[in-house]
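One chain, subunit A, links the two complexes that follow: it is found with subunit B in the first and with subunit C in the second.
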Partner chain A sequence: MSDRLKIFLLLAPALLIIGLLFFGGLLIGLMRSFNYMPVIGLTDPDLSAYKSVFTDREFYLSFLLTFHIAFTSTVISSILAVGAALLLRRQFVGRAVVNFLFQLNLTVPHLVGAIGILYLFSQSGSFARLAAEWGMIARTSDFPALVFDPYAIGIILQYVWKEVPFIGVIVLANMQSIGEDYESVARSLGASRWQSFRHVLLPLIFPGMLSASVMVFAFTFGAYEIPAILGANFPAALPVLAYRKYTDVDLAARPEAMAMAIVIAILSGVMIYLYVRYSRRRIRT
Partner chain B sequence: MSAKESIGIRSFRFLTGALLIIWLVLPLIPLAIWSFAHGWFFPNLLPAKWSMRAWEYTFSDTAGVIDSLWLTIGISLAATVLSILIGVPAGRALGMYKFRGKEFVELLILAPIIVPGIAVVLGIHSVFISMGLNNTVTGVILVHLIPTLPYMILVMSGIFANYDPAFESQARSLGASPVKTFWYVTLPAIMPGIIVGGLFAFLVSWSQYILTLLIGGGRVVTLPLLLFNFATSGRNDITGAIGMIYILPGIFILLLTARHLSGRSGAVGGFGQI
Partner chain C sequence: MTHVSIQSLTKVYPGATEPSLDRLSLEIESGELTALLGPSGCGKTTTMKMIAGLLEPTSGDVTFDGRSVLNDKPEHRGVVMVFQNYLLFPYMSVADNVGFGLKMRKVDKAEIDRRVTAILEQVKLPDLGKRKPSELSGGQQQRVALARALIVQPDVLLLDEPLSNLDAHLRFEMRDLIRSLQQEMGITTIFVTHDQEEAVVLADKVALILDGRMKQYDTPDAFYKRPIDESTARFFGGQNFIQGYAENGIFESSLGKLELPDHSANGKGTLTFRPENIRIATDYSQPNTVDATLTDRLYLGTQTRLKLTLGNHNIEAICNPIDVEGLTPGQNILVTIPADVVWLLTS
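Right, the complex of A and B next:
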């Protein structure tokens, strides 16, 4: 058997599944978003779904909110993750515990984290009770709204909780395989602690951090259950809005939902591309 | 460098470490407490009365939690086995061979990791309706392959990149059949990858929510769907108990694989989706 045939046969099942389900799903979504579905008699593609999506004020508010959630969570998580990795590469009392919890946290589904954040930060949650205990608030409504709030603080807190360990584990592994020799050289040549971090270590760990944070951005931009648990009703995150449109009793809203799904796919692709390009340029100079 | 460090830096490290530990376990604590609470009203810091009520309900036959637990295990196991069967050959092709269009194939396989599930599942839903796969366990298992398969392939191509096919040709030249060669030579060599990749695929499937909700149409009630329903209907005690059950497989898998999780392995990428 020739190598080419062998490679084809080895890859065929995987490409078939991913091609049919993933790209098939995208394609059908794209067709339906143009109101084009010959099977059910829709043979004239049009842009009406996109028109109503792009003239809807809620869509823009949702987009801004979703972008804010994804961007803020990714940046905060990346910075804290590098800090945590710097901490974890040194010996200190309790390092093994932090290491274990880091990994434990990776296995806890986002949904559980979201419910935990809800019970901690809601207006009748643990922190509100602590504030009441210390006499800082009298009623639950005195406690600042940190979940179901317009700034999506609860959602961001959940993502930071979950993604710091994710990025941290990857960055830490990078640091450990790089070792400390380069930094020692920089220090012996007179670089300050900050300089040897900024100009020696950071560029070395950056590729690993970037690929991890791209995954975080993509996930936080497209996730449904976390904003569904912790988010405000209006504006809702884009995936929540798309799901609502899709399950609307009015079936005419379905093409709109499909259009939104396609917009989510395109936007996440574009933003990941820009993020990678922009941050690569920033870190080299 | 470490010998000269001052007390100040060491205690700073200890304090931030302690803060990190508290922050990492904090969200799980109210869940655990709620599962043993008999009513827990503002502003009580701890429940006034404790009870096993939520746990008794969770394990009762009427609640359906146990049925849902078995269903979730079954779906995740099926998605894992399919991912292994499809992912191992693909990983071999990508790890051991160079061929024209390889980068393109890699891009196709990795695309589902970056593109959000909600963007593809709506389209799949309308196809599955016509195929009769909607609201079925089979449909849910199939759709779980979208996030699980890319990771399996990623892990396996890493394993095959460090694999020496010379052992196979030696076995063949000594008269072993292709099946025997695979069983006695290839499989033992790639087993660690299959185990780690498979456990990850299991966890990724285990944590799926929106794919199951849409394709299962509310008929295929896995544990995360049940958890979401109880959480949004305000039954915090039962939510706590189901939440505790729901995180157990992850802890178990972590204890099994902790030494493989150095972060250098492609497998860790799987956690981005959990």
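Right, the complex of A and C next:
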């Protein structure tokens, strides 16, 4: 048996499951988004679901909100992660402990994090009550709206909390394998500390950072649970909107939900492409 | 032209009990090419990094033209270090690599282009500016790294094992290039190496560092003719050591009496002589001729290495293959150790 065949056969079970679940699901979703759903008597495919998605004002508001959540979370997480990695690669007493604490929340599920944010940052949460107790605000309802708010601060807070260690661990490993000699060369050639970071270390860690942050972007753009728990009712994030349509009592709303899901997938693909292209040009000069 | 002075430079890494470098002192004249020679882990690269400002010394001082530079940031020291593995920035073109130092100094773009072109010609890589480092051979990468360092016209140039990654035929080419550029630009240059041959072919002066301490700082030939002690002689390939007692120009040992060069010291000591300076003799007419037994011979193409026993001493000699044709192991022969090539080590 050739090596190729062997590899293929060994991968087959996994590929089969992924293929069936992913492409099968995608195919069914795609069919339904074109209004093809024989179970409820829809047998003439058309684009009406897409039409109603694209003519709905709420869809555009939701898109803007979702983009804002994904973009802001990714950028803030990436910056903080690089900063943290720069600190953690230094030698200092207690580094192992700090490193462990830094990575600890990788194991905490998103949902738990979201509930933590709710308990801490909502207007009836711990911080609001502490602030009222200490007389910083008159009533707990005077506490700034960080959860269920139009700027999605609570959602972004949760994502940043969760994704900083994720990107950070990848970037740190990357930095450690690169070592410090490239920066030493740059310094000795006349680069300041900042210049050697900007022109040498950053471009070197960039590929690793980019793939990690693309994953974060894709996840935060398409994730449902956090905006569902911490988001405002209107506008809702796109996945929340799609899910609402999907669970609508009127089965006829399903094609619209599917169209929205397909649009989310395409949009995140396009945005990841643009993000990769733009940032590659910016960093590697 | 910069005079570099290193004074009692010491480095103890955090957590280490022994210093990696122990009170190294060196005076390097302006425009001189100096080698720091020593086995791996003897503190050479540590020394370079401290001169470049990339590592802080535990104690001691480094001065350029009499001024301490320890408080200067690496980018303001006027020192450029070329690393052993070149460390060209992989995502930049050759031209961008070479122009890096000028870009960091915010030199005008047109001026950078002009100087990059000029320096690439000087290192004989005129048409490679657009390539990526990964598309270059090791020798070419080395020259780009050198060009990248020289373009900023440093006062002091530091080279880490500049020839060790190169093939034999490239070594001499690179040696000539480094020497000619260094002389032309008059840059005080220090390089480190573990290879005594590399030190000897390239340097004006060699500092031998063993176990974090400087053993000897001298011209290359002195290490062969006048090593300071047995470990120094051994590092340079010395094999022959005979214990005895010197008095009034005569060395007494189990081999009998041997003449010493003029002005030799008196007292207990070790006599050493290079394997290549031993002559095969036919009679006792020359002074310092002694009996020997050939125990083994090794043909090396351009030379033949002989293993000899002189009394109870094992000695090595290196001879022209023609001179020792026909000698067979087990044979008793005569060897002369000329008085002007022996060297007395006194403790």
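Everything that follows uses one rule, which is that the second predicted complex is superposed on the first by the 272 of 285 C-alpha atoms of A that agree within 3 Å, B and C clash if a C-alpha of one lies under 4 Å from a C-alpha of the other, contacts with A are read in each partner's own complex, and residues count from 1 in each chain.
As a convention for this text, contacts are C-beta pairs under 8 Å (C-beta built on N, C-alpha and C of every residue); 3 or more make two chains touch, one makes a residue touch a chain.
Remember, it's a predicted structure, so these values are computed and weren't measured experimentally.
Chemist: Return the chain, subunit B or subunit C, that is in touch with more residues of subunit A.
Modeler: B
Chemist: Look at A:Leu241 in the shared chain and tell me whether it touches subunit B only, subunit C only, both, or neither; answer first, second, both or neither.
Modeler: Once the two structures are laid over each other on A, A:Leu241 reaches no partner at all.
Chemist: Once the structures are superposed on A, label A:Arg4 by its partner contacts, choosing first (subunit B), second (subunit C), both or neither.
Modeler: After superposing on A, A:Arg4 lies in contact with subunit B but is clear of subunit C.
Chemist: Looking at A:Val185 after the superposition, I want to know if it touches subunit B, subunit C, both of them or none. Which is it: first, second, both, neither?
Modeler: Only subunit C is touched by A:Val185; subunit B is not.
Chemist: Could you look at A:His199 and tell me whether it touches subunit B, subunit C, both or neither (first, second, both, neither)?
Modeler: So A:His199 only meets subunit C here.
Chemist: Taking the contacts subunit A makes with subunit B in one complex and with subunit C in the other, which residues are shared?
Modeler: 91, 184
Chemist: Residues of subunit A touching subunit C in their complex?
Modeler: 91, 181-182, 184-192, 195, 199-200, 203-204, 284
Chemist: Which subunit A residues qualify as touching subunit B in the complex?
Modeler: Per the stated touch rule, the residues are 3-4, 6-7, 9-11, 13-15, 17-19, 21-30, 32, 39, 83-84, 87, 90-95, 97-98, 100-113, 115-120, 124-126, 128-130, 132-133, 140, 158, 161, 165-166, 169-174, 176-177, 180, 184, 212, 214-216, 218-219, 221-225, 228-229, 239, 242-243, 246, 254, 257-258, 261-262, 264-265, 268-269, 272.
Chemist: Name, in rising order, each residue of subunit C that touches subunit A in their complex.
Modeler: Residue list for subunit C touching subunit A: 14, 49, 52-54, 73-75, 77, 79-81, 83, 85, 87, 89-91, 100-101, 103-105, 148-149, 152, 158.
Chemist: Where on subunit B does subunit A make contact in their complex?
Modeler: Listed in rising order, the residues of subunit B that touch subunit A are 1-2, 10, 13-14, 16-18, 20-21, 23-31, 34, 42-45, 85-87, 89-90, 92-94, 97, 99, 105, 108-109, 111-127, 130, 142-143, 145-146, 149-150, 153, 203, 206-207, 209-210, 214, 224, 227-228, 231-232, 236, 239, 243, 246-247, 250-251, 253-254, 258, 261-264, 268-269, 271-274.
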